[in-house]
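Two complexes come next, and they have one chain in common, chain A, joined by chain B in the first and chain C in the second.
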Partner chain A sequence: MAGQSDHELSLFSAEELEFIAEDEIVDIVPNLKMDPLCLISGDFGPFTPQIVTQVPLWLAIALKKRGKCSICPPQWMTVEKLTQVLEVERDSQEMSEHLPFHYVEISRLLFDHARDNIPDAYMVRSLIEDIRDVRFHKVETDLEGFNGRTIAVKIKNLSAMEVNIVRPFIGRALQAFYKHDSSELIPDPERAPDRRPQVAHNAPRRQLRR
Partner chain B sequence: MGSRSAEGEQVPLTDEYDALISTTDVELLKRAWRNEKAAPEILRFESDLIIRVREQIELMEETVEEKSTVGTDPLSVSLYQMDLDRTLFLLRSYLRIRIQKIEKYMFHIRKTEELWNRLSKDEKFFTERCTDDLKKHLEESVLSTLPENYQSYERQSVISEEVDMVPEPRLDTFVLCRSKEYLTGIQLEDGPVDDRSKLFEMEPDVLYFICYKSIKPLVESGKIDLL
Partner chain C sequence: MASYYDIDDILVEEEIVSVIFQKAASGVGIDPSSETDFIEAGSKVELPFWLAHELQLRQAVSVNVPPCFNQKTRLEIQADCACVDLRSRCPYFYEFGCKIAPIVGDRTIGFLLLSAFKNRYKEVLTKAHTATIAVGSKFWTILTKEEINLYETAQSAMASFKKWRMGGARFQIASILGRKRKPTE
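== the complex of A and B ==
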């Protein structure tokens, strides 16, 4: 029991992240006529052929699967925009802010279900992969800068999937630093009912990174 | 139509921010679900929200039933069903995470008033039965055969000064969080004494990895979301 981490409780699975991303709103062009849908998650429609309307991604994909609409890829998902983003990402150690929080999941879902609606799909896909690689590399180099004096880590513009990948590592690393830092008393994690010293009055000065 | 999710607006919300933007109950449930998933300890049961969501689900179930018998367009029926399934998934997952936490920390929850009060009526009932059963099981199968000094399920032996065999959540877990507004003056419960006066600031929409203990009150008041 002791020493077991709680992380399996708090981690989101890739499917759960996709589930969350499916609530993002996209533009679709329906090719059928249908009354507005008054759903628990909101009202959408009415659907009229050739008239653009906004729906959550899951609804767009459901319609697309039945051949009832085409999905307009989001603005950032064009070769032009993505090329720019890639350049920015390569030029700076900072994460660029031009991509939505769920860009990995959204692009993945669109590639899987609406490939024919994405102009230059092949280019777009490889650009997104490049961006992912560059960004992930940056996260990795960032992590090298970690040290025991880190009390909190601030991350700007990290996407949901990236967060999910680094979460177990950062979480455990910080926790380990935290634990070893409180020099004398290492409270046994699972059973530390004793609200003893609020962890180390003598801990070295920690600073906020970045 | 009663099943519209904008109903969240009619209910007085404690959080000003919520009142400003019209958030659907599904959105609120999603937030509660994420917070519950990410927090090491059990959070307050969102009873009002859950009641509202349950009502909406029931209404929607009736609507779907009705639509499919009347012979409405099967496409729209299936879309209603999908929406319903998504909400049901969120609700079930939310309740399940709570049960997992209860099962893990039941003795601790039962004897800690603050945590006990966070449970719903059903959860309290479940916890009571669970703790009673487990205690009985431990006693009957092992403890009763041990020497007298080692028969407590809470303590290693009678010499133990305090309860030392009851699992508790680790509040020093690092969690990932995001604030909706600019927050200043967060007291970090850590570091040297002279350093504690140094307050921590949070910018909106920036992610932070931080010790759960330090931001616990802000999670409880809804100022910070975990993710």
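== the complex of A and C ==
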């Protein structure tokens, strides 16, 4: 409706998010000797065999593909940590804050390119899938609370990929709610005055869910 | 506002409404059932919305509440909103409702639309992101156009995420690359 084309609604594709996630820093253990790399985003290295160094994920993957390093999986990507996170996620309606913003993308990149560096890869993978499912279910529960008065939703610690999946849906839903709730149909003497000033100078927003 | 070329907006205005002529009109072939080209005051005729609206502005007709907003439908919507087949009643239920409300001067239509959408939205939300295509297609048939749009956005977002997660061909090969070189004489 209202002439919204798809590209306006969904700003990022999953591939683009993956690209952004590649800027996250990871630890690698190189097995080559190389001078520091001076890039616009910073200096990385020097690379000395068996000495841990920090590089962006894209560089780590590039080196890994050539067999020049092994990637140390991030701390949250271990069976114990993930089991804890999964329990926390299941216990409360709040989103857990222990996962990085790009956990879906990072885990997928590491599984694709550095599977041999992840201990218990299969277990870790299924834990991440479970966590993602639980979290997504929570997002849906939060969205059920929408009604005509909603002008924004607040969900803490939502990750990049999760928000990207629901973004087009939320956009459209809010648009539809706004349309049906707005008093444009027939001016209603009670509601018209209390709506106007809010639109005019962005007065303090109404308290929404959580 | 809806754009002039918005096909949905045009189709909404094609919806038929029944009107009662307040004035007698002659020389019009609006009513196919009448034998003459003359419409008496007080006769009931079905017209597309856009025409009814224009005539109503000139106070030539009075518009009746269309059947999709009558008492029976309202009761059904109150009873179990999510299962009402709105599509067969009016595929543009919400848009049509917004347009017809100021004309028939019925303020309750606005509330009806909002409450119907609020309840049906939950149903769309729970099914859209999780249901498979096969399950979804059955559910589809009762949705209005606007709800289908909503449903499809959610489905396509989910589908593109799943596609990304499964992997597959990362890069597209430029059309010029795969081609064989023409044999040079």
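FYI, the second predicted complex is superposed on the first by the 179 of 210 C-alpha atoms of A that agree within 3 Å, B and C clash if a C-alpha of one lies under 4 Å from a C-alpha of the other, contacts with A are read in each partner's own complex, and residues count from 1 in each chain.
Throughout what follows, a residue touches a chain if its C-beta (ideal position, glycine included) is under 8 Å from a C-beta of that chain, and two chains touch if they have at least 3 such contacts.
Keep in mind that what you see is a predicted model, and the values were worked out from it rather than measured.
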Partner chain in contact with A:Asp112 - chain B first, chain C second, else both or neither: second
Which superposed partner A:Glu18 touches (first chain B, second chain C, both, neither): second
First (chain B), second (chain C), both or neither touched by A:Met34: first
Touched partner set for A:Lys154, first chain B, second chain C, both or neither: first
Touching partner for A:Trp58 - first (chain B), second (chain C), both, neither: first
Partner chain in contact with A:His180 - chain B first, chain C second, else both or neither: second
Partner chain in contact with A:Glu140 - chain B first, chain C second, else both or neither: second
Greater residue coverage of chain A in the superposed arrangement, chain B or chain C: B
Touched partner set for A:Tyr122, first chain B, second chain C, both or neither: neither
Partner chain in contact with A:Arg167 - chain B first, chain C second, else both or neither: both
Touching both chain B and chain C, residues of chain A: 1, 6, 9-10, 167, 171, 179
Footprint of chain A on chain B - complex, ascending: 1, 3-6, 24-27, 30, 34, 37-40, 53, 56-57, 60, 73, 75-76, 78-80, 82-84, 86-87, 89, 97, 100-101, 162-170, 172-176, 188-193, 195, 200, 206-211, 214, 227
Contacting residues of chain C [partner chain A, same complex]: 2-3, 6, 8, 94-95, 98, 101-102, 105, 107, 109-110, 113-114, 117-118, 121-122, 125-126, 128-129, 146, 149-150, 153-154, 156-158, 160-161, 163-165, 167
Partner chain B, residues of chain A touching it in the complex: 1, 6, 9-10, 12, 19-20, 22-23, 32, 34-35, 37-43, 58-59, 62-63, 66, 68, 151-156, 158, 160, 163, 167, 170-171, 174-175, 178-179, 189-194, 198-199, 201-206, 208
For the chain A and chain C complex, residues of the former touching the latter: 1-3, 6, 9-10, 13-15, 18, 108, 112, 136, 140, 143-144, 146-148, 161, 164-169, 171-173, 176-177, 179-181, 183, 185-186, 188
